[in-house]
Amino acid sequence: MISKQDAGELIDERRGRAGLSWRVLAERLGVPHVWLAAAVLGMHPVPRAQAEALGEALELEDELVAALIRQPNRAPASEVSSDPTIYRFHELVQVYGPGLKSLIHDEFGDGIMSAINCSVSFDRVPHADGDRVVITIDGKFLPYAWVSGTD
Amino acid sequence: MISKQDAGELIDERRGRAGLSWRVLAERLGVPHVWLAAAVLGMHPVPRAQAEALGEALELEDELVAALIRQPNRAPASEVSSDPTIYRFHELVQVYGPGLKSLIHDEFGDGIMSAINCSVSFDRVPHADGDRVVITIDGKFLPYAWVSGTD
Amino acid sequence: MISKQDAGELIDERRGRAGLSWRVLAERLGVPHVWLAAAVLGMHPVPRAQAEALGEALELEDELVAALIRQPNRAPASEVSSDPTIYRFHELVQVYGPGLKSLIHDEFGDGIMSAINCSVSFDRVPHADGDRVVITIDGKFLPYAWVSGTD
Amino acid sequence: MISKQDAGELIDERRGRAGLSWRVLAERLGVPHVWLAAAVLGMHPVPRAQAEALGEALELEDELVAALIRQPNRAPASEVSSDPTIYRFHELVQVYGPGLKSLIHDEFGDGIMSAINCSVSFDRVPHADGDRVVITIDGKFLPYAWVSGTD
Amino acid sequence: MISKQDAGELIDERRGRAGLSWRVLAERLGVPHVWLAAAVLGMHPVPRAQAEALGEALELEDELVAALIRQPNRAPASEVSSDPTIYRFHELVQVYGPGLKSLIHDEFGDGIMSAINCSVSFDRVPHADGDRVVITIDGKFLPYAWVSGTD
Amino acid sequence: MISKQDAGELIDERRGRAGLSWRVLAERLGVPHVWLAAAVLGMHPVPRAQAEALGEALELEDELVAALIRQPNRAPASEVSSDPTIYRFHELVQVYGPGLKSLIHDEFGDGIMSAINCSVSFDRVPHADGDRVVITIDGKFLPYAWVSGTD
Amino acid sequence: MISKQDAGELIDERRGRAGLSWRVLAERLGVPHVWLAAAVLGMHPVPRAQAEALGEALELEDELVAALIRQPNRAPASEVSSDPTIYRFHELVQVYGPGLKSLIHDEFGDGIMSAINCSVSFDRVPHADGDRVVITIDGKFLPYAWVSGTD
Amino acid sequence: MISKQDAGELIDERRGRAGLSWRVLAERLGVPHVWLAAAVLGMHPVPRAQAEALGEALELEDELVAALIRQPNRAPASEVSSDPTIYRFHELVQVYGPGLKSLIHDEFGDGIMSAINCSVSFDRVPHADGDRVVITIDGKFLPYAWVSGTD
Amino acid sequence: MISKQDAGELIDERRGRAGLSWRVLAERLGVPHVWLAAAVLGMHPVPRAQAEALGEALELEDELVAALIRQPNRAPASEVSSDPTIYRFHELVQVYGPGLKSLIHDEFGDGIMSAINCSVSFDRVPHADGDRVVITIDGKFLPYAWVSGTD
Amino acid sequence: MISKQDAGELIDERRGRAGLSWRVLAERLGVPHVWLAAAVLGMHPVPRAQAEALGEALELEDELVAALIRQPNRAPASEVSSDPTIYRFHELVQVYGPGLKSLIHDEFGDGIMSAINCSVSFDRVPHADGDRVVITIDGKFLPYAWVSGTD
């Protein structure tokens, strides 16, 4: 049984050969492009309809489509990737994480920004000194709440 | 000599007692509030003028002002904090990092989003199902470039 | 400035000398006893009223009361404690975590049980073969949801 | 020889294709559903009768049935899984573990809650603000006891 | 507040200066010598009577006696000590652990030897080729049992 | 070339199917049962005579017999196994290791208990409150000695 | 699908058999030799033209050429290699890193030397006491800059 | 006794207050500036004459001068610093280390570049697209050589 | 392509079957026996002449001879092996390393003993209390030297 | 109570100020110089007579003499020191450890070289290409032996 992650790499290779960007594929499927890239690379289950549409667009074998649909285990081998493009995001959390935590507590109180009820956008923004990557993380605030469903 | 990080915790405690939010302090000093929180908590050198303004606003001892000005070592004891409010950001990078990497390569080519030429914004956005934390990371794209200044 | 965790150990020592169980203290303060133990040991900010009530009940110095009130950094030195009483809980997650994950996906869909909107109860239940520790974790289900507050 | 864990993933895939929930399967076999999910995913030896019943229900090959019966090595590659659904349980132990330890010592004395003589239940409980995952851990208290069988 | 472990090192130093072996001290107090050494070095709470007897025998300050009585956190800084005398025990578990696990399952079924309901003896046994250290670990077998106190 | 450890797992599977306990096999071969279990599971070279006797008793292929005879590399992937049955032994070393070290120094002087000149026994001892696992470790004391063979 | 790194090892083996040094290959392709060695060994995507030229020069199969072209994941299994030839470079960063950081801050201000806009040269320089390896790292200075493309 | 590293931080603070760059100090002392920065920050013993000259220039207490002279232990708490300015150098070794190793073997044979018989230079080089940090590492090649002084 | 380390294990197996000790093989090839064992087990490139002589002596396939000749990557999966025979050497470095460092600085000045220009001998020396392993490490002293080949 | 290791650093500083090499001190005390350096730096208990002789020679305070005599815990903070002078010894074990293990098994059978019944010598040996550090490790061979003192 091919793992969801290995399937993702193979599908990505097919995508490259077909010359289809995530943005184009996402528009065809009517889903956000950040979500699509994450899901194909093994981080979300893809609903059957979209998985089959992808299967057709990229001429995927059945077991690859099945892997897309499957519920993922989202635990990578290493919590922090040292790939430079990914590592920079962890470095940003290291440098700005304590400040963002303090701001959340300032403006919302004790709690967290949800990483589950959350969307992430990605854009290329032109700039005179070089174009910019603009990523927006938009997560629901969850206050620490001592709630019980069984009382 | 007090460390920049210990100084940051003491200053933050003073800030709490004075009842001043990061946003209010940042407006007084004319600096972005995410930057200010990060800098006070030990991640950036604070220019002398702002450090002294902070010193006055929060009645800080000289050695705390000196610590604000000092060049930081930005290496925390542990690369990934397990504090739930900070950990969620690392989890987001774990879940969406590979997809964002793929999108950067799709739309910009081989390279990274700079964590140095970068700004971070933080906002509270109202929402019917619960207000949201909205964080925007805005970094310059840096293409892998084999440049030499000595040829 | 005494850390919230060191303050917690000192307050716990005072509690021991005063011969007050968490259950008795919690009843006096009108809060759940699991929450109180966690909060005093450094994991939650204690509201000012309860912190001052604790200060009176245990004759705490002002800086200990201030530490109770302070917003915690919830990151311990080591993510997994090898203390046998605590380690058994991590072992349970190791042994039953994958099964519980599968059951959550079975009965709720893709998502998590919140560790923030969550209560924990603790009871001693008599049993013929030896009394039992009964702990109930009661957390809100959070479905993976791609929501944005800024569209 | 297929490992017990790989066998578990394959059986789970079959379960998914057959559209059978853990709860339904557990009722058919007359075993608790949390136990069944853990056992199939590699954490308990399944008695021969139940293993063969599972084999029939899911049309499993003999080597998968044999793997179900085999005594497990319960050591995963990584002690703490960073999969968000599982990680939240470890986070709960991190945040509430010290408090629960203190309560155990308060109400039982020096000792532990057994992770071996222990049952775990799982339920979905409706709630106005969103349904809740309710997990109850019910373990025998074991006092530190200096007993010898050879004196 | 002195930690239980630091207190243990100081008491051990006093013991050395007083020229009292663990065996002699243990006989005076009427407790097993392995238990006493472990308890004084920070691994068990010492009952008040014995703690005070120790306090008299070794002329300990009150805070050292209090530390003896206190409930320990049994989590050392490092799970495996590389001190050669201690490391050899971990090496024995590495080399013989899998075999002992298999023997336990052979002769008792699925379960563990308790490290809580357990005694440890220590003796010097003469031998022609050099005297031997003989350590006996005597722990209750605990079968995996799915017991609930709340049904 | 099959590894000694993989060979051990296959032989153990055969042993299970043949319904032969370690104790019975060890008696047939005239070797201690703890030694046999450890050796088959990859921790000792098995002398040719016994390896061939095992080969006959369990109908093993030649490459499995060869693997039994081979000199082992005794380094497992992870120094501490988190399998509950094995982990309890490491926990015992964590809790009682410092005390046993102190007793060795008390009664023998500076040195170690050998993990090489060492035997380990395993027995089931009946007890009114539940049968007990009794393991005796019997190792030669080795004093730190500054000996040279070349002076 | 062969990984980029495995492909790199195979291509390197072919290079060895063909007796072609990196310097000679790099001259033929008109690229810097440090870049070429890094790229072939899996650290950069090779442009199609050069990848095909390499394919012809070393008689590579199509899937090896495709691997050369593919976008790399630059995260090795282990962040620090203990191979002596590579480890010496990490040791140099350990010994001289803090000094170089201080010099960068002295002469450029707060910021970093880019590892992306960067070239590396490698030369053999004769010396009476033994020839020397001379490596020059030439990276753009990036000042910490709080720039936004979206204001 | 103040550690060599703590002394280095204090001396660096004095240097900052005196407004003296490493380059200026190094010229006064007649030593390379990279060496001086490394040595003061704890990585080399400073010869007595230069240590005393530094003591005068920065008005250092005797124990700081003594710390400069002392032989260092060059083992930092963490092998890889996550400070962004230092981390980039480790990332360069990660990305280019395997290629440089291959080039060393190509052009020198089996061996290493010495990190002991080695100098490091640091310069600011102007460039139209932004000035560049240029660091040259110049180390003696050491071939693997099976030499004995005692045959 | 078989790895150099896997090749080494296979060749060692052949050596065992042929009943040839390292000492005998080394004498035939005219190389030191410690060097030969290390080289075959994957730590040095074997010159073609010796590799082919080994190939004949042990009837090795061509790809094994090619692996012997190949330049090694000397980075094992784990820096410290817990195999008892190898671990004792690391323990010796742990116990005597700081003293040897201090002696090197005493008698040679600041620098290291080379692990590259180094030979290692191995002998069995008879002794009344049991024969001894005598290992001599003989490495060139390398003083920290700030040398440049480019000035 | 000063730790044995901190005491060692202070005594070493005194030794430096007194201008006494380990060799000279060792001759005065009539002990091997490698043993003396290791013992003073915290790795062995120093017999009272020698500790007092050292106390006189270096004018040590009583608590330093007491620390010399005390039984050590030989577990450093980090198993592998990255100090270059010490690290080279660990690298030698990494590169030659597997070969030495194989030679031990070849010439002695299954077992280890003792790190307890062991002496270490250190010498400076002149050589035309640069003087050499020659270290001889001379340890008793211990065969794996299944001996019991209690049968």
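Going by the order they are written in, the chains are A, B, C, D, E, F, G, H, I and J; count residues from 1 in each one.
Keep this in mind: contacts are C-beta pairs under 8 Å (C-beta built on N, C-alpha and C of every residue); 3 or more make two chains touch, one makes a residue touch a chain.
Source: prediction; values computed, not measured.
Asks: Compute the shortest path length in steps from chain B to chain F over the network of touching chains.
Replies: Graph distance in the chain contact network comes out at 2.
Asks: Out of H-J, B-C or A-C, find the interface that copies D-E, where copy means more than half of the contact pairs are identical.
Replies: Over half of the D-E contact pairs recur in A-C.
Asks: Tally the contacting C-beta pairs at the A-D interface and at the A-C interface, and name the larger one.
Replies: More C-beta contacts join the chains of A-C.
Asks: Farthest chain from chain D, going by the mean of C-alpha atoms per chain?
Replies: With centres defined by C-alpha atoms, farthest from chain D sits H.
Asks: If you average the CA atoms of chain A and of chain B, how far apart do the two points sit, in angstrom?
Replies: Taking the mean C-alpha position of each chain, the two centres sit 23 Å apart.
Asks: Report the inter-centroid distance (CA atoms only) between chain C and chain J in whole Å.
Replies: 47
Asks: Starting from the mean Cα coordinates of chain H and chain I, work out the distance between those two points in Å.
Replies: The mean C-alpha positions of chain H and chain I differ by 31 Å.
Asks: In chain E, which residues are in touch with two or more of the other chains?
Replies: Expected reply: 74, 76, 79, 81-86, 91, 94-95, 105, 111-112, 114-116, 118, 125, 127, 129, 131-132, 134, 136, 138, 140, 142, 147-150.
Asks: Run through the chains and report each pair that touches.
Replies: A-B, A-C, A-D, A-G, A-H, B-C, B-D, B-G, B-H, C-D, C-E, C-F, D-E, D-F, E-F, E-I, E-J, F-I, F-J, G-H, G-I, G-J, H-I, H-J, I-J
Asks: Along chain F, where are the residues that touch chain J in the complex?
Replies: Those residues of chain F that touch chain J are 32, 35, 44-45, 71, 105, 110-112, 114, 116-119, 121, 136, 138, 140, 142-150.
Asks: Flag every residue of chain E that touches chain J in the complex, lowest number first.
Replies: Chain E residues touching chain J: 9-10, 13, 16, 78, 81-86, 125-127, 129, 131-132, 134.
Asks: What does chain B use to touch chain A in their complex?
Replies: Chain B reaches chain A through residues 12, 21-23, 33-34, 36-38, 41-43, 74, 76, 79-81, 83-86, 88-108, 111-115, 118, 120, 122, 124-125, 127, 129-142.
Asks: Looking at the complex, which residues from chain H come into contact with chain J?
Replies: 1, 70, 73-76, 79, 115-116, 147-150
Asks: Hey, which residues of chain D end up touching chain B in the complex?
Replies: 82, 84, 87, 91, 94-95
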